[in-house]
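As written, the chains take the letters A, B, C and D, and residue 1 is the first residue of each chain.
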Amino acid sequence: MELKKLVEDLQVVDNTRLNHRHFILELLAPEKFPLILPGQFVQVLVEDSPSTFLRRPFSIHSVDYQKNTLRLLIQIKGPGTAQLSKLKSGDHLNLIYPLGNSFSLPFTKDVLLVGGGCGVAPLLFLAQFLNQNNIHPTILLGFRTKEEVSEIETYSAYGKVLVITDDGTEGEKGLVVDHSIFQKERLEFKKIFCCGPDAMMKAVAKIARMHRIDCEVSLENTMACGFGVCLCCITPTDKGNERVCVEGPVFNINRLKWQ
Amino acid sequence: MPDLSIHIAGLHFKNPVTTASGTYGYGDEFRDFMDLGKLGGIFVKAVTGKNRDGNAYPRMAETPSGMLNSVGLQNKGVDHFCHEIYPKIKDFNTHIIVNVSGSTVEEYVEVAERINELDNVPAIELNISCPNVKLGGMAFGTVPAMATEVTAEVRKVYKKVLMVKLSPNVTSITDLAKAAVDGGADVITLINTLLGMAIDVERRRPILSTITGGLSGPAIKPVALRMVWQVHKAVHVPIIGLGGIMNATDAIEFLLAGASAVQVGTANFIDPTVSVKIVDGIEAYMTRHKVKSVSELIGALRTE
Amino acid sequence: MPDLSIHIAGLHFKNPVTTASGTYGYGDEFRDFMDLGKLGGIFVKAVTGKNRDGNAYPRMAETPSGMLNSVGLQNKGVDHFCHEIYPKIKDFNTHIIVNVSGSTVEEYVEVAERINELDNVPAIELNISCPNVKLGGMAFGTVPAMATEVTAEVRKVYKKVLMVKLSPNVTSITDLAKAAVDGGADVITLINTLLGMAIDVERRRPILSTITGGLSGPAIKPVALRMVWQVHKAVHVPIIGLGGIMNATDAIEFLLAGASAVQVGTANFIDPTVSVKIVDGIEAYMTRHKVKSVSELIGALRTE
Amino acid sequence: MELKKLVEDLQVVDNTRLNHRHFILELLAPEKFPLILPGQFVQVLVEDSPSTFLRRPFSIHSVDYQKNTLRLLIQIKGPGTAQLSKLKSGDHLNLIYPLGNSFSLPFTKDVLLVGGGCGVAPLLFLAQFLNQNNIHPTILLGFRTKEEVSEIETYSAYGKVLVITDDGTEGEKGLVVDHSIFQKERLEFKKIFCCGPDAMMKAVAKIARMHRIDCEVSLENTMACGFGVCLCCITPTDKGNERVCVEGPVFNINRLKWQ
């Protein structure tokens, strides 16, 4: 498998609604996948939507090299995601993929994955990847409420899953950083991978720094191209303004200008 | 087979389809998607005298049939371009044209002089939409006398094909085009982005960190076509037209309005292979309409 | 219930939503669809000194997120307006504002003087985008001195609220706004259409009979917002903002950028009831954001 | 029934494909129809089509006041009509209707209807209307080729139908004005109603003038609003520039500036 970006029409083989705001698209590629790494994303062309001019970026939720399918976990936010939620099996979707860098393979087995909202998307693929390398991470997932908690069994195959909801209707109650695993004096993890809203990632990064735990986060950003040519998606790093779509979306928090 | 090749200011292009500065990186990023050799040329990202970090995030807002950007000429400066980038791109099988930017006449001249030494860069495109820091931020491209001056000064040091890219944010685009030609421009490129703004009503804030930014995409195509048409009637140098070109039909509109070649900009973000499709589409149109040479289309709009 | 009413140059509007000249006829055609009394005001089609036939067909081209028109001020002249149209519309339960156009200063003055006599027209809007026939077609709205002159001459004869509507086809919209204020404008309306062009590649002809025409619709919204914002910072008279407003969110963007009221134009063609929906949408937004009076939103963009 | 214009969501109850380029939409109104006259048209909002900003005008092909349905006969031309062709029963379509003036009730029974291409659309409704007034017109329909000939039985219920195709694969061969009924020295008609491409209508108008037959044509035009406010759709008449969407689409040829 080579590292190559493609522009390709993939076929929708399944569209599963998880709850009123989330759905999973399963997409079949016409040719054998190139190598895809955990943390990478795709740029989706939303057709027949008058208000979506640019493509929409989504993390790769999981990859099945045997079936040649990949899955996207999508939260309905605006016109683009609303249009995608209506796709049916047999429809086609144009993707540019795989894009961006990836989470790195850690030098430890004490790994924690932290995801919130649709930021859980890349963590499933990462957990699978870690398993292949004999790492069984702890996976802490934050949701708004019970109704949105989903795929717990899927994640459980790859590690120990902890759940926290904003309203306490399932698992512990509060934001992910309120979870009891963070309340100890010494945390048992040597590496944290985190993806979610900015505020959540910053809070997790703060804990990681406090406990001197190595931590990688997957940033969101407004993207025009997604493959490095427009310079619209930059984030300030120790090397100046870097592109989230090429040098990221995954950054080690030490490289970011988060205080 | 129809002949798509064209001469612009003595320079031979295998076809009239090129890619716009700031939307195609240095070409490299597109090699996974397409054969760069299929293009007439590549206009690389703006090069300035020194390293520039560009503007703060957020730099992008989506708008109806278009987008705003406020990248702000982020680049590592002309030294870095000559030593690090040029060697990697100089043997692409297409023309590499450098978009030259600056905040003072001296900076434009300095960059042009350095690029003049690069054998495999047959032309530069002066991006005169930048604000003149000495003159309080008024853009070089909005005052005819300033456009003439910066072009003339660069002309003194730059020996190859000199293109000048104009800003559409002016009362009279023909005055600016004439001013650039007076300064010695061989070619006029039209248009850069329209100045626009986007607001997030929930947060009651501008979306861009810079409040205003440059509008590109299909939304601006009618304005771009109008300006190409006006300038085509007013000056006698070749024009390179752009603004919202998404497909071959759009490109042909620009040729008919008077452009000798086109640049594909924002469309590259949506379909990185679109420029090749446009080459093929122009060829198909020519075959269908029995047009032997693409030069027959240039300015061929019937208005009688 | 939030208070949507607003005072502009002393004139009370029940809400900040009005309809744009040339897109709402004389209001009459909308009575099947909506209650005109729900609007802040109606800007009726341009009135000139004499009857004008307007331009030849075709007058319209659809463009990405917009349209071009070249109607060309078709109307039956000020006499016909005063005698035939005014009596039918004067008792609408909303402000009727007349868009005044002309090709000479004298024509603007003549029309303004006649409209001044109509009791139920509390304001006029000078449309200074028209070409000045005496000055070789250069538009009044592109040269500051001309904008000041025509405004000042009209000001002498017109005693009620004087609004001046500016063209966006200029290098510096703030210079034009200042010029109109210098001439005595009470209110600035922004923006008229952008000059654009569309081409039919199959026939190799322009789509409009006039080759170029005015671009309106969502495509121009970013440019319109930018100009409202720039003028809001530069002059101290109220602004009426328009350009591509399709819904309440768009309208609120204009208020935040500094407009005291908005006009809905091209959107009326797509949904003739859209203006009422915009009134309701602004009210809903104010309720949700706990904004008591719409005046709190005007220019309330946070840029620190 | 009153004469009032509406903006309304109608429900698609049927979408029948006639051939590769033509289809008929049957639309159900939520409330009782206002009075609709033959020759009037609707303005359709095409949703989910990035390149159709303005509404699309279509003649009313027929009206069923009992079922409260109307039908549109549409030819696929560009993105708007292509999108409409995909509509399914149950979908909704927003219409402004009924718009424009109408064909006039003739003072004679010797009536000829001439339609070409999708210009046949308003003639069915007109034929029904004439029947209600005891007029059984001759109906001459022009098509490109046999494959596009359709609804002949439907029309036959209202008058005598004659067919001509460009390639002669059905009926006579040639353009409508080549039809044998026009080749006589004296034509038997006292009124012609015509709808089709501009060139066809002009050719029919020429014959009508030659034989001093009263003739009404339904004009096409590029429309932005469709209800009289934008002044984009004018045609020069004896009263100056008139609006095709309000003073038309039906004009007596004597009023037009056709040489």
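One rule holds for everything that comes next: contacts are C-beta pairs under 8 Å (C-beta built on N, C-alpha and C of every residue); 3 or more make two chains touch, one makes a residue touch a chain.
This one's a predicted model, so the numbers in the text were calculated from it and none came from an experiment.
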- Taking each chain's centre as the mean of its Cα atoms, which chain lies farthest from subunit B? D
- Here the gap between subunit A and subunit D, centre to centre from mean Cα coordinates and rounded to Å, is 55
- Whole-angstrom distance, CA centroid of subunit A to CA centroid of subunit C, is 47
- Message: Based only on mean CA positions, could you tell me how far subunit C sits from subunit D in angstrom?
- Response: 36
- Note on the structure: Residue numbers in subunit C touching two or more further chains are 63-66, 217-218
- Residues of subunit D engaged with two or more neighbouring chains: 50
- Query: Taking touching chains as linked, do they make an open path (line), a single closed cycle (ring), a hub with spokes (star), an all-linked set (complete), or other?
  - Reply: ring
- Which chains are in touch, pair by pair? A-B, A-D, B-C, C-D
- Flag every residue of subunit A that touches subunit D in the complex, lowest number first. 47-50, 53, 83
- Message: Residue numbers of subunit D touching subunit C in their complex, please.
- Response: 4-7, 45, 51-55, 96, 221-236, 240-241
- Note on the structure: In the complex, the residues of subunit B that touch subunit A are 22-25, 29-30, 32-33, 45, 53-54, 57-67, 69, 71, 74, 217-218, 266, 268-273
- If you look only at subunit B, which of its residues touch subunit C in the complex? 63-66, 68, 142, 169-172, 194-199, 201, 203-206, 211-212, 215, 217-223, 225-226, 229, 244, 249, 252-253, 256-257, 285, 300-303
